[in-house]
Amino acid sequence: MDEKETGRLEAFSDGVFAVAITLLVLSFQPPTTPDKLRDSALLDFLYMQWPMLFAFVTSFATIGIMWINHHRLFKHIKRTDTGLMLLNLLLLLLIVFVPYPTALLAQQYAIHPDQHLAAVVYSGTYVIMAVCFNFLWRYASYHNRLLGKDVDRRAVMAISRQYLFGPVFYLITFGLAFINVPACIILNFLFALFFAVPGRPPRQLSSSNASTDLSQD
Amino acid sequence: MDEKETGRLEAFSDGVFAVAITLLVLSFQPPTTPDKLRDSALLDFLYMQWPMLFAFVTSFATIGIMWINHHRLFKHIKRTDTGLMLLNLLLLLLIVFVPYPTALLAQQYAIHPDQHLAAVVYSGTYVIMAVCFNFLWRYASYHNRLLGKDVDRRAVMAISRQYLFGPVFYLITFGLAFINVPACIILNFLFALFFAVPGRPPRQLSSSNASTDLSQD
Amino acid sequence: MDEKETGRLEAFSDGVFAVAITLLVLSFQPPTTPDKLRDSALLDFLYMQWPMLFAFVTSFATIGIMWINHHRLFKHIKRTDTGLMLLNLLLLLLIVFVPYPTALLAQQYAIHPDQHLAAVVYSGTYVIMAVCFNFLWRYASYHNRLLGKDVDRRAVMAISRQYLFGPVFYLITFGLAFINVPACIILNFLFALFFAVPGRPPRQLSSSNASTDLSQD
Amino acid sequence: MDEKETGRLEAFSDGVFAVAITLLVLSFQPPTTPDKLRDSALLDFLYMQWPMLFAFVTSFATIGIMWINHHRLFKHIKRTDTGLMLLNLLLLLLIVFVPYPTALLAQQYAIHPDQHLAAVVYSGTYVIMAVCFNFLWRYASYHNRLLGKDVDRRAVMAISRQYLFGPVFYLITFGLAFINVPACIILNFLFALFFAVPGRPPRQLSSSNASTDLSQD
């Protein structure tokens, strides 16, 4: 509506993604009683941190691939308005929040592998994030509101179609969190990989043609 | 005075905003005695963190919308000088400080909901921030000192007028902090939303015309 | 020598400056025994944090104004080589380190106002930083090694002259740290302000002319 | 495959590098019992932190020089695809992880200088990082997949050749970690410096010519 370029919006978002993904490492803490830990005890300590490593990698992959998708959307989104800025802030709010449920899940799973609440909170965060991603994209792409004039309509439709899966997928992991925590984390990781690959246009015709259209912006 | 472009000033500011808004999540800490917290106890623990979530969302909204406004000002500000750089640093100093009163307020409200000092500090920070934002804008826009030559005068006046409300609004929440803490936080959140929407020019004539002026820079 | 543009070097440096300046806030921690702190006790607690606030503002000003100077240097530096990249990394190493002596000084001064070691470490860090800044600039400006062809020679000489004061100034605060800690911090703050203002060219002729030269790059 | 420009990929990576390198400082913590530490005791405390300073500088140099190399690769890489983005994320995952083994090594070496496990974890992280760097570059440079059309083939070969040393070098430090921890850290530092200097083309002919080719992008 009122602005033109998305450059600074993207730069700010890149910054937030970069900080949030890096803060994940703060979940790892050296032992608090190091004086008792010679190598054999330290090995046990590190072994106990496997759930943390697992949650760290999954959250890293999720935030990283969210960034790839953010990047992909903003190749098509050329203009901004107040609504887009607020929806983008809402998405970033969830991205920024991820390190907390990650640390919570890792801590709980290491101590109480039979408990489910932390995994429920973790997956629930991703459900909301998937919904926000859809809102952002639908808002921008509705009647080409904020897209470029020469937008590749098939690429836009491919994104819209792929993103429909987001909330559905994450609702499945949300449900799984009540049943089996490791399976829930693994599925979250696999879904992240699914969104790493760009969606296909409705029919698989002329993919070379589509990539040509894309390469010129 | 001495510089021309504001590009690196904006990039640095974007970085500071992005880090400060992301550090807010560090207020959330997993339980320190996790071994005692099975799911039912963890649920109580998380429930106790609602004031934290509330303060987190409000501070996130405030910093995020401060960023939107910073972005909006620098669409008009085309040049920099030492004065602007120092005023911008002063504003960033307050932005960077926000995670501390946020954590303080969240901690205090969870334990002593009848106490007011943390909310007073929290709101007081925002009063000073609103004053700094005004200083920055008045300094840059005074006699068009640092604005572009082809600046949209009506948009400039709209910003100047809207920003007059800032210190007044935040003085109200500051006063409210002494009376009712939840009301104070809610009002802070609403004021953030008020500043998310761009100010209107003095008279509502030809908004399409104004947006045309804006869209060309 | 081998590269041309300094864009990504500046972007990376901006990021490091932005994160380091924001991490300063982590020195502030909410009280560890909040259940005992009703408003009157909290007020005492916050009052005890004044040295922290003082050290925070001084370090913020120092890093912020270091950034302004970095910005100022790289208006003249147009090319990079491995030497410049390593010297820049060395400078960033010191910038990144600042939050630690800041936290140390603030903690020590609150508890042992009669002790000097923390202030010595704090000022010592700034001495080394001032030396590194000089190395960086001398390396880049030596025989115009990495400056633009149409560089403003008077502006370059003004920077070189002003930077000579850096190590001398900070050696004074370093000495003062052994004698009087508050005076040492105040002087650090004043020196930061001195470097906020750009140096004057050797003779004050045609400052308008100089600014014209500058404004065209 | 699908994208053209690497600008935002580089900006995001710069952000992650900048945050990770700055978070290293969080390994330094002021003393937890400051009330007992007057200057003489504080001096002992700081002296005990020498291994930390040593590990901090080595990790800073390693991440910093990884950034220089990332910068160097992306002068040649002009296009991106999903594979490159994922390999870049994998590399960033390791960069982001570095502060943890650094803190672990510093803590362990200060308390148990005769133990090796922390150094093994530290060096092991760098082995994997070196392998990832090779993957990223081989993927991008294979048949010039993602390089510019007018790429300097000799510079590309120089990088490919230099990077072959990476995994070999870091395997040596990995082995050394089992034998002598200080030697292992020193060697890590020296290897970082080796990668700071750009690799030489296969034969040392016409380096001026090569730099001319480079300087035009």
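Labels A, B, C and D are assigned to the chains in the order they are written; within every chain, residues are numbered from 1.
The criterion applied here is as follows: a contact is a pair of C-beta atoms (placed from the backbone, for glycine too) under 8 Å apart; a residue touches a chain by one contact, two chains touch by 3 or more.
No experiment lies behind these values; they were computed from the predicted model shown.
Copies subunit A and subunit B touch; is their interface built from the same residue numbers (over half shared) or different ones?
Here the answer is different, because the shared fraction of interface numbers falls below one half.
So which chain is farthest from subunit D, going by the mean of the CA atoms in each chain?
Between subunit D and every other chain, the largest centroid distance is to B.
Roughly how many whole angstrom separate the Cα centroids of subunit A and subunit C?
Each chain reduced to its C-alpha mean, subunit A and subunit C end up 36 Å apart.
So the centre of each chain is just the mean of its C-alpha atoms; given that, what is the distance between subunit A and subunit D in Å?
Taking the average C-alpha coordinate of subunit A and of subunit D, the gap between them is 26 Å.
Subunit C: which residues touch two or more other chains?
Within subunit C, residues 11, 14-15, 18-19, 23, 26 contact more than one other chain.
Going by the contact rule at the top, pick out the subunit D residues touching subunit C in the complex.
10-11, 14-15, 17-19, 21-26, 28, 30-31, 34-35, 37-39, 42-43, 46, 56-57, 60-61, 64-65, 67-68, 71, 75, 196-198, 211, 214-217
Residue numbers of subunit C touching subunit D in their complex, please.
Against subunit D, the touching part of subunit C is residues 1-4, 8-9, 11-12, 14-16, 18-20, 23, 26, 82, 85-86, 89, 92-93, 96-97, 99-100, 103-104, 107-108, 111-112, 115-118, 121.
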